[in-house]
Amino acid sequence: MTLYLFLILGFFAVLSALMVVFSKNPIHSILYLVLTFFAIAGEYVLLNAQFLAIVNIIVYAGAIMVLFLFVVMLLNLNHETEPHKSMLRKLIAVIAAGLLMVVLVGSLKGADTMAIQPFSHNAGLIENLGKVLFDQFLLPFEVSAVLFLAAMVGAVMLGKKDIK
Amino acid sequence: MPIIALLIFTFATALIGLFIPIRYGNRFAFISSLIVFIYSLYLFCTFPITADFQYVVDYSWIQSLGIHFKVGMDGISVLLVMLTTFLTPLIIFSVRKSEPRPRAFYSLLLFMEMALIGVFVSMDGFLFYIFWEIALIPIYFICLLWGGKDRVRITLKFFIYTLTGSLFMLVGLIYLYLHTPGEHSFDIQALYTAGKSLSAHAQCILFWFFFLAFGIKMPIFPLHTWQPDTYSDAPTQGTMMLSGIMLKMGIYGLIRWMIPMLPVGLSQNAQYVMWLSIAGVLYAGIIAFTRKDMKRLLAYSSISHVGLIAAGIFAFNGQGLQGGIIQMLSHGINVVGLFFVVDIIQSRTGTRDIASLGGIRLKAPYLATVFAIIMLGAVALPLTDGFPGEFLLISGVFKFENIMGAVVGLTIIIGAVYMFRMYQRTILGETSLATENFTDLTAGEKAVLIPIVIMVILIGVCPNLFLKVSEPAILKLLGGI
Amino acid sequence: MNTLIILSALGVVALFAEIFRFRKGLFPLILIGLAAAFFFTAKEYNHPQVFFGMMNFDNYAVIFSCAILIIAFLWFMMAKNYFLQETSVTDHFALILFSLVGAVVMVSFNNLTMLFLGIEILSVSVYVLAASDKTNVMSNESGFKYFLMGSFATGFLLFGITLIYGVTGSFDLTTIQHNLSTGRETYMALAGVLLLMIGLGFKSSLAPFHFWAPDVYEGAPTTVTTYMATVVKTAAFAAFYRLFSLCFWQLAAHWTDVLSWMVVLTLFIGNVSAVRQRSVKRMLAYSSVAHAGYIAIAIVAMSVPSTCAILYYTFTYSISSLSAFTILFIVSRHKGSKDISAFEGMSKANPLLSFTMTVAMLSLAGIPPTAGFFAKYYVFYTAINHGFTWLVLVAVLAALVGIYYYFRVIIAIYFKPEQQLVPIKVGPLHRTVLIITTILTLLFGLFPNLVLGWL
Amino acid sequence: MLQYAALIPFFPLAGFIILGLLNKRLPKNLAAVIACGMLLISFGLALGMFMNISGQSQEVQLAPWINVGSFSASFTFLLDPLSSIFLMIITGVGFLIHVYSIGYMHDDEKHNIFFAYLNLFVFFMLVLVMASSYLLMFVGWEGVGLCSYLLIGFWFKNKAYNDAAKKAFIMNRIGDLGFLLGIILLFITFGSSDYHTIFTKANGFMSGDAMITTITLLLFVGAMGKSAQIPLYTWLPDAMAGPTPVSALIHAATMVTAGIYMVARSGILYALSPISMYVVALVGVVTAVFAATIALTQNDIKKVLAYSTVSQLGYMFLGLGVGAFSASVFHVMTHAFFKALLFLCAGSVIHGLAGEQDIRHMGGLRKKLPITFITFLIGTLAIAGIPPFAGFFSKDEILIHAYSSNKLFWALGMLGSMMTAFYMFRLLFLTFSGTYRGDSHKVHPHESPKVMTVPLIILAILSTIGGFVGVPESLGGTSQISKFLDPVFKPAQAKMMMVEGSGGVSEMMLMGITITVVLISIFAAWYMYVSRKSVPVSEGTKLPFFTKLSYHNFYVDEIYSALITKPLDKISELLKNIIENKVIDGVVNASGKVTEWVSGLMRFVQTGNVDFYLLAMVVGIALIIFLKLM
Amino acid sequence: MGDLKTIPMDWYLLLSTILFSIGVMGVLFRRNAIIIFMSIELMLNAVNLLLVAFSAYHNDANGQVFVFFTMAVAAAEIAVGLAILVVVYRNTKSTDIDVLNRLKG
């Protein structure tokens, strides 16, 4: 049962990911990306990481995607302004990425024969995560504050118009 | 300690020279180099004639790597230090007053003297390499700042060329260092031990690494193509430094570092390198036949002479080595004299083109005489300084292999041909347009040339004065392998 | 830890300075703060401390932190004037200080999470800084390229971390090392290691992941380029080496050959490409790529001396680069051009600039008695010691090519007849920076123990 | 007494130093007096030594020179009969020529330098003959070469003279290389270059030893250069460019005989090598005949004498080659007398004719220059071998030895002496008999001053009576000279086991043949040039084939030039332009060019397009993982 | 495979590798910077998925915590990235990456 679920979600994820790449309209791409994120969130649930699944939807599908949409609107890119690459270069891109995939898959496949029991772990429960995050990972957590600060300052600095 | 004094004094004067008022620049540089000469003369006169290193000073420098600041002099070093300190004041004195940026020029010369002395006294491989490279910097700038028309290209070529060799030497040195027994060390003895313990194959490879460095510096055919260009484009003092002292670095390196470290490498490759050297003797000599530019001609003659020295040293017997050493001295002295004469001619006539000169003897008999004497030294006439060296070298090579000796002997004919040609076309004959108003030597010029002439004859008549100093060291070297 | 706190606090103070109109006093405050940070960091020398299992302030971390702080200190002195003309000085300073936090994290991490965060903090700040000359398209392009490729590379880095986690079940370096040594699932682990190598190779601009470097270096404001070539590079290599020496040395047999080929490629591309550059800045960018190749040799030949080699090389390289970039900055501002012709004939009117530039170039070219020589020497020594003589020979050839382009600058300075004898004005801060860097370059060249003695 | 003899060379050296340093500051007369005086003192000492030597040999060590391990050479002089004879010749004839030069060079502006050079030459020549080792001999050997160079090119404004000087030096150097290699081989074989050591050790070698043969042949190469033998003879005729006293002293009386001295000195070694002996004799006799044929047609008074010198030197080598060492030395002596005389007479003629040297523009000078004529006649008789003049005895002794050794050599020798008589009398007749053919308006022939004629007279006397010291036993003489030299040559002769002479009767017969042949030649010359008054045709007219060949020195100079000089210059240019510039430097420069070129290519790789960079990264990653993990 | 309740680790690996590669392809395929940024997000998400899978496999919360940080980083990066993009757009009026090729050679 869970296996089928995994497969269906995986199929959706891949399909919508492909659509992200192939859609001509950026808005469509964004929407497909949201779809992908949902599918991936589904996989998280499958792995008993409900909290992450929710966070994924909130952060990615919610915040980041809105940011994207916002920028697209801001820059008025909703029409098809993008001059497409020549077929050759697209072909090369596909081949290169395919090559990478084959190589990666090839190198990882058969690396081990482990299996996962979905829904059987409680590591992903919010309480566990909280413990780990604020105990072991307190320092990274705080350091990531610096990261956000830097990103914020940076974004603001770049975004604001210079008063000349 | 005396060595440290020499090094520090030259370095300090080089620094101070930068800030001396321009008017006193020349005097300051000359006097300080003269002091160095007198001091080293004192060292030379009191030098105990044994095979051991004297005045050894040993400071730990980079402990973690076993690198020491270790200097000392044996009979071979002291001669070359003497050569350096003898020639430097002359070279400094020969600088024309009209030279732009004189202070920097003098300082670079003094700095170079320091580096050269350093090369000749280093007893630590790393230190040797540092001095070896440091010596390159001042000469590079001398050529770049005061050189001729095409100096940019030529000096860069020169620099990269020589650095190619040195970097390979560096690799070789590190390799040897890593094979020193026990705690790794760059000490000369440790490197000797390390080198000798290597397999024949490794020795051969290292041999070529080192050969590249020393062969380029000297230069040995076919690694010489930087040299004629550089000699002819560098300012005369630079050329004097290069040919008079700097190329001795290469030969010294052979004797002090390469051969004792890699005896098997030498014995397996001596054939090839000697043939190369000999080829260079003939090749450069024959090319010198038809050179029109006096400096270029001398440059080729220098290659030819150095080829002979190299062949003698690779032959590795008493005659060859001793001949090499005495020839280093005499070649240094001759070539400095000759280049100075060319400089005088060029400064008077504005040309070095042999074809447009002539009849100088009519106007300047002193110059003609001095030139003749130095030239005779260069063509190894007996009782001049060239002869003992050349004779010993040829017999050293001959002893190694008859055919080689016979072929390399051709140098005495070839040398005479190009030298006499040049002399005849520039000094003898009728005056030309360029030499019509030629004036004879000034007092200053005489002051440079007369010591050289005296040395030409002194070495020719009493070579023993110098040979006996290096003899124990050479014997030790021969015995050590 | 103190270092991190001080640096973060300084960053925040810098932000507030904008609000409280405290700009004038900010600069000295930062210098004092950096000095304090240096002091507190140095105090931890020989007192290794582990924080939450996340950071390990061992001697390696302390010394690299100190090195980074020294370079940053000099960098601030160099960059002050540039930023004063911008409206957003405080933002810049804050970003730099935050990025320093990232750098310190990168040299002291004990957990892949920290490594990742450190890299990101540093990168994000530098992405912004590279693009910070907003009206300049070059700067935009530079920031954009850097960002795009950087985040792309981050993906691979993450993939690598994930695989390592998958194999070892931990992000902790000690555990990873322990679990890897039991030899489980080497295959996937190796893929992880390679991907990490690629990610870090990108940050330290090893070929074929170097493409961003020349463009970004050229486009970014000169001060930012300087920062990238010095602090960022040092931190990147420190992190690279720390990770690989602590975790992956058992697998060395599997990845050294890949890395060594990357080194060869880097040396080749970096040096050869630099030959034809007219712009000194771009030339220095390529040279920076080339130097990454030399430094990486020490990682290939991973052994005890490698640590010293990397420390010495990155540190002295940073100092020399700082000197070179400062002069470039001064000259290009005066002449309005970064082209090599801007340097022509400046020797007579500007002895200080000429001399310091010469020393910097000699050092970058690796000529004794400058520090650059000993750096190369030490790297070569490390490599030969470890049996990588062939790699050294390649490096030697590359170094020869290097001479060619470094000397072009020297030649330009000394050779060409003076077009204009107007001396270029050098501010006191710049003067101080130049004198300090030059003295350090010579001093470390002659007495490498001053740096090496600490490790 | 003998100790003082070691000082002999130093007087001329002192003279050189004084004259050289003071040069123009010295009045001409004083300079001349110093120069001659120094030589006179030397001559006095040499004479004293000659008187006291009586067969001893003694070494005087002065100073060490080069010491390298077992190898050592020192400044040591050897005093023995052989060197004493040479000392006598050098200082004696040298002194006369110095005196003569006072007159000859009187008006030259470089008068003082000339004497300085002459003194220096004498010094080196003395070192050469007094050396006790081959290496020291080499010092003198090269030294005289240098002086010869300086003096041939004395009038350095003239390019041709300079060329001649350079040619002389370089040709000598070719020989010197052989000599030098010989010395090195001696060192390697005997561990020393001292005569004493070598000759003692040589006793242990078998006759025909290959090493000895090599050594002797190499030494002989040196001798060929210095003594102008085929094929290294062409410098000597050109050397006549120098002032005539120089030609007399260096290129006739002393320096050119150094080769003979050296071979004679090495007698023992040569004795051990029959092949070398044969080569020496063969080269000698071929040169003697060949040079004589050239001399037949020359028109320059000094050129004739020069070729004659080459020819006479050939005789000396013939003598050496057939083992007649003392005869050769004897001939050296007599030759020094009469050839110096002839040259000085020629100088006197040239002086009298204000520089004219072409015999086609002379004639009838007998009246104008009586002393010169008479002394020249004596010299001619001496060289032609008319008894009782000096040349007769020495040359005959050589021919007799040649006869007993190889009949062909003797026959060639006869041919040579026939030609000698012819060309010498041709010269004599064309110069002194008949009528003056020059431009009598411009030139007024006159006899030379006393200072020049007195040496002529003294030399004429010596040429007349000089032969009597070696009158062979077959003519009732005592052959004093060979007795005097016996201590030196005995060991060598013992090695050779030569047949001593070929019996008195036969000797008389050979002498008879010689004299007859010579007289016929003289008659032929008289017939052609006095009776028929034929004069050599002027330049440009067509000459018979052989005459032409002979006149142009068989085109040897041209052949050398075409075969050696010009190709070498071509090779030089070729090496420089092709090998040096294109190949060796080409490779070096190409490495730079290729780097730049590749650098240019690399710029295209850095396209500036992010997607290309990303693609490269992806491909790189894929490649790395593929290579490592698949 | 047998048990429907267990999912082989390989499948997760495969899925995330495919997603990752699609992200890579997107980066290479498109010229619009925004789409490229999105593709990069896709890559990060693929990695996150794998992390979670490994976390589940190891039954270890660390992996999931790491995902937090990845998300944080992604957010920060994208914020900065879009800011840069806006700046670029202001100057070039385009989001086409091929327009940005002034720096080259």
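Letters A, B, C, D and E mark the chains in the order given here, with residues in each chain numbered from 1 onward.
Operating definition for what follows: a contact is a pair of C-beta atoms (placed from the backbone, for glycine too) under 8 Å apart; a residue touches a chain by one contact, two chains touch by 3 or more.
Note that this is a predicted model, so its numbers are computed, not measured.
**Q** On the document's contact criterion, could you list the chains that touch chain B and likewise touch chain E?
**A** The common neighbours are C, D.
**Q** More C-beta pairs touching across which pair, D-E or C-D?
**A** Top pair by contacting C-beta pairs is C-D.
**Q** Among the chains, which is located farthest from chain A on the basis of C-alpha centroids?
**A** D
**Q** I'd like the most central chain, judged by C-alpha centroids against the all-protein C-alpha centroid.
**A** B
**Q** Centroid from C-alpha atoms only, then distance chain A to chain B, rounded to Å. What do you get?
**A** Distance between chain centres, rounded to whole Å: 71 Å.
**Q** In angstrom, rounded to a whole number, how far apart do the mean CA points of chain A and chain E lie?
**A** Each chain reduced to its C-alpha mean, chain A and chain E end up 5 Å apart.
**Q** Taking each chain's centre as the mean position of its Cα atoms, how many Å separate chain A from chain C?
**A** Centre separation, chain A to chain C: 31 Å.
**Q** What's the distance between the Cα centroids of chain C and chain E, rounded to whole Å?
**A** Here chain C and chain E have centroids separated by 27 Å.
**Q** Send over the residues of chain C in touch with two or more other chains.
**A** 113, 117, 120, 124, 127-128, 131, 134-135, 144-145, 148, 152, 163, 187, 191, 214-215, 404
**Q** Any chance you could list the residues of chain D touching two or more other chains?
**A** Only 592, 603, 606, 608, 610-611, 614-615, 618-619, 621, 625, 629 qualify.
**Q** Find every residue in chain A that makes contact with two or more other chains and list them.
**A** Touching at least two other chains: 85, 92-93, 96-97, 100, 104, 107-108, 110-112, 136-137, 140, 144, 147, 150-151, 154-155, 158.
**Q** Dump the list of chain pairs that touch, please.
**A** In this structure, the chains touch in these pairs: A-C, A-D, A-E, B-C, B-D, C-D, C-E, D-E.
**Q** Please name which positions on chain C make contact with chain D in the complex.
**A** Going by the criterion above, the answer is residues 144-145, 148-149, 152-153, 156, 187, 190-191, 194-195, 198, 202, 208-209, 211-212, 214-215, 254-255, 258, 269, 272-276, 401, 404.
**Q** Would you tell me which residues of chain D are touching chain E in their complex?
**A** 603, 606-611, 614-615, 618
**Q** Which chain B residues qualify as touching chain D in the complex?
**A** Of all residues in chain B, those touching chain D are 157, 160-161, 222, 224-226, 283, 286-291, 318-319, 322-323, 359, 361-362, 376, 381-383, 388, 391-392, 394-395, 398-399, 405-406, 409-410, 412-413, 416-417, 420-421, 424, 428-430, 461-464, 467-468, 471, 475.
**Q** Quick one: in the complex, what on chain C touches chain E?
**A** Against chain E, chain C makes touches at 112-113, 116-117, 120, 124, 127-128, 131, 134-135, 137-138, 140-145, 147-148, 151-152, 154-155, 158-159, 161-163, 165-166, 169-171, 214-216, 218-219, 277, 282.
**Q** Okay, in this complex, where on chain E does chain C touch?
**A** 9, 20, 23-24, 27, 33, 36-37, 40, 43-44, 47, 50-51, 54, 57-58, 60, 62-63, 65-66, 69-70, 73, 76-77, 80-81, 83-85, 87-88, 90-92, 97, 100-105
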